[in-house]
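Presented sequentially are two complexes of chain A, the first with chain B as partner and the second with chain C.
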Partner chain A sequence: MSRYLTALIAIVLREALRFVHQRERFVAALVRPLVWLLVFAAGFRAALGLSIIPPYQTYITYETYIVPGLCGMIMLFNGMQSSLSLIYDREMGSMKLLLTSPLPRWWLLTCKLLGATAISILQVYAFLAIAAALGIKMPVAGYLTVLPALVVAGLMLGSLGLLLSSFIKQLENFAGVMNFVIFPMFFLSSALYPLWKMAESSELLYNICAVNPFTHAVELIRFALYVEFNGPALFWTVLAAAVFTVAALWGYSPRITGPRGRG
Partner chain B sequence: MSAIRVEGLNYRYGAKQALTDVGFEVGQGRFCALLGPNGAGKSTLFNLLTRLFVPPSGQIHIAGHDLQRAPRAALAQLGIVFQQSTLDLDLTVRQNLTYFAALHGLSGKRRALRIAHVLERLDIADRAEEKARALNGGHRRRTEIARALLHDPKVLLLDEPTVGFDAAARAAITDHVHDLTTDGTTVLWATHLADEVRPDDRLIVLHRTRVLRDGLAGEIAGGRPLQQAFLTMTQAPA
Partner chain C sequence: MIRSAGLICCLLAAPAAADEIWVTNEKDDTVSVISIDTLEVIATYPTGERPRGITFSKDYSVVYICASDSDAVQVMDPATGEILHDLPSGEDPEQFVLHPNDRHLYIANEDDAITTVVDTQTRQVIAQIDVGVEPEGMAISPDGTIAITTSETTNMAHWIDTETQELFANTLVDSRPRHAEFVHDGAQMWVSSEIGGTITVFDTSDQSEIGKIDFEVPGVHRDRVQPVGFEFSADERTAFVALGPSNHIAVVNTETLEVKDYILVGRRVWHMAFNADKSLLFTTNGVSGDVTVIDVANRTALKSIDVGRFPWGAAFRPTQ
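Entry: the complex of A and B
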């Protein structure tokens, strides 16, 4: 077996094992979107009137509207979680083990990214299954066509996590990520409300939402869940993934000068 | 051919100089101790030898491979034990070894054979199925040394591997690693504890970012206990 493939399998398996060992992480990852779906959506159903917008063919309930956004939310949190675990790995030293392996650094980091993406896809499917059990169902084929969209969205959000982890030097600084990355990305997107609703209240906020890569990831997932293809969303999500990945690889390249005093 | 060759190495953290014109060679199958007080530059040197950092000037060759020009060939010949433990505590000893072997491209039967070999070599075969968390510090360290030997490297680097251990565990680990040189492995052992160095070991004393002494430990000690000679050397005014 190729050395590259051997390393890929090992890194993905390790991520999976780590995930299995952290059962509370899996539960938390599912509870969070379910609370939004069952509590938040119930409250907002009455407040928000949704018109018929693509890909929907008819009037839909608010619960149905936010399912793709909540899929994105799972992946967003998962991307940040994997970033957190990378910073933890670095503080604990196990990142050194990875970076001193004789395989190219870009490949090792790609393996990490693929591992994190695979885990977030598993979580999304678990969430979709629960949502279906609660009566919020997508077209049957949508559960299949959403897979490539989830891969692209997962890679984009995972690479964002990788990028953040390359610049955040200490675990304590991670709280800022919640405030400055997760919340703005989530709320300034089409996850919870259609963009035309946002345009009604603020043109500026609408424009920010429209360039937010998370909006495109959510729309990619939304269309794919209804067996439709959204070209612009795919383009912007892939572009964002490429930019984040290249920047992260640069962030992880060996430094010519050290950041802080060591003995 | 030298197993480790370092020439004209410099490194700085911002305005703070960490290494100044460091150079030395270590022959194959030698145990070389890198002795220096805290802050002498040992960890920086390790970060450069393992390519976690890249030096702005100077060269490093590992088993004949230029670390800058052929990093993968050089890293493939390097076994590393970091000062900080890098075991995944939730995995068993065998799972930890398997993961690392895969990072070095080992798979299938060859991987299983190498794991069995290093477990035997470090005398921890009976602990293979235990979680790393259940091991004491000495056994964790031995697991890390076993792991560093999995891909049969020509050079083994250890960065203060006995820090925090009691005298018995320190002696056991020091003996194990000295034994490794009998099959041709070159060892570079960074420490600030002179009692881990034997008289016939090669010794490099690093002090205030520079190589202060380089030779046989017994000769550098000059008939005195090495600890005393080391303190005299490193406490002399600059």
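Entry: the complex of A and C
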């Protein structure tokens, strides 16, 4: 058992060290949502207030509305970033070292997933702190109750990144991930606008948004930030996480990657 | 002995009635009663047509309601919601104020350009005072010596001597004055001007203008910033001003007359009422048909409660 723990600590520490050494990555991870919060949201400020939808009890400004969506955005980009680092590891050969360890491959990949999730949660809390300093505050208890929601959302998006990395052979192909995964997932969700607003313009787009697992991750975070539980969002996020994890483990199994792994 | 014990048990077991906020619904011809404990509507009672102004008698035994399109002030039993009788009010009563003697109602008759004074005990009109065109806002000094009527079209605050029931001064204010209140033991009198977008502050002793408050809600066009109802905090250092279709309440420092903050509430916020210790403020939002509850200490909106269509006036009723 201690070998498992040693591997977990080593992999999570490696992720943390990589994150600390890449300060520009941390800054970039914060600048992206802050640009959305300060520039994009300013254009759509909705100074007269958005209609009341759960979990909000009263009228809110657009800045307040998009904060949970931007938390999800941080986790989405981080999940993809960690998949990028896996492809990089594979190209540099360090993946080979990792996967040839005597520990089961599923455990090693789970350690990678946990490491990536922990890093993205740190980024989300840094973003929430800056948002609070800018006057966009959540209920105090919400900063605590959001933690489990962030863990679930982080695992779901991290496992998606893991799944993608098992199928992408070269770093250059990652641009396709941006166009075909990140952008559609982000824009076809409730991160930027309430789903009822989407339903007004297109029923089809609304239905796509409603089945997008990222929508459920964002709603899970949104409700948790306001100390409320969203059962359906939790169910769909956990289900998506389980499906992505199983598929990623299958993608990384020796039968698929070859006896020495693709790396 | 056993019956007495049973009665005591029943009283102990029964939940204590919560204080209430009463809200007139202009388009529904009803009043909604909100429990301050649960922040939910616990009763809705029918009224005459187009209820607007609402106020309680000093002992809260009756509630007076301006049923504007019924041309009556209705007297309701707040315990049952039953209309007890109507008072003669003159045409189109919109707002009123109860004299500190708990007997005389000063009523603004919007269509007749008069202020009607009604004795609530004898149910007789005791005076009708000519004022400017479309009178609306009504206020009375804490000592009961001065009543104020504001006239929307004449753009004036009319100062009435309650001893003689005659005007003794008229002061110009900005366009469409809507609401008036005395503050600091009657030393100052404030008038909001809806179209002018200001509040004018007067020195009561000589009716001179002391200052003017301007409002500018970030991101909202100036035309939408229309001050209407306002109330003062318990220490009177802060005023809360409803800014109509800008959907915001302004928080004003009453010493410097500077706006300190804006709080987002529902659509077309009109009037408001505090709870007993003035820790919560309830604003009526006409277009969105709800009442927003504000945490006064933190200056944050806590919740918006659906009431009837076009909520207009609000009044507090203690039940404990």
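For the reader, a short list of remarks on this structure follows.
FYI, the second predicted complex is superposed on the first by the 250 of 263 C-alpha atoms of A that agree within 3 Å, B and C clash if a C-alpha of one lies under 4 Å from a C-alpha of the other, contacts with A are read in each partner's own complex, and residues count from 1 in each chain.
Keep in mind that, in the parts below, a residue touches a chain if its C-beta (ideal position, glycine included) is under 8 Å from a C-beta of that chain, and two chains touch if they have at least 3 such contacts.
Just so we're clear, the structure is a prediction, and the values are computed from it rather than from any experiment.
Of the two partner chains placed around the shared chain by superposition, neither chain B nor chain C is touched by A:173. Once chain A of one complex is fitted onto chain A of the other, the partner contacts of A:60 are limited to chain C, with no touch recorded for chain B.
The wider contact with chain A, measured as residues touched, comes from B rather than the other of chain B and chain C.
Contacts of A:201 after superposition: neither chain B nor chain C is touched.
Residue contacts after overlaying the shared chain place A:98 against chain B, while chain C stays out of touching range.
Across the complex, chain C meets chain A through its residues 217-220, 224, 246-247, 264-267, 288, 292-293, 301-304.
For chain A in complex with chain B, the residues that touch the partner chain are 1, 3-4, 6-7, 9-11, 13-14, 17-18, 21, 92-94, 96-104, 108, 254-263.
Across the complex, chain B meets chain A through its residues 11-14, 16, 18, 38-44, 47, 50-56, 71-73, 75-76, 78, 80, 82, 84-88, 90-91, 95, 98-100, 102-108.
Put simply, chain A touches chain C in their complex at residues 45, 47-49, 52, 57-61.
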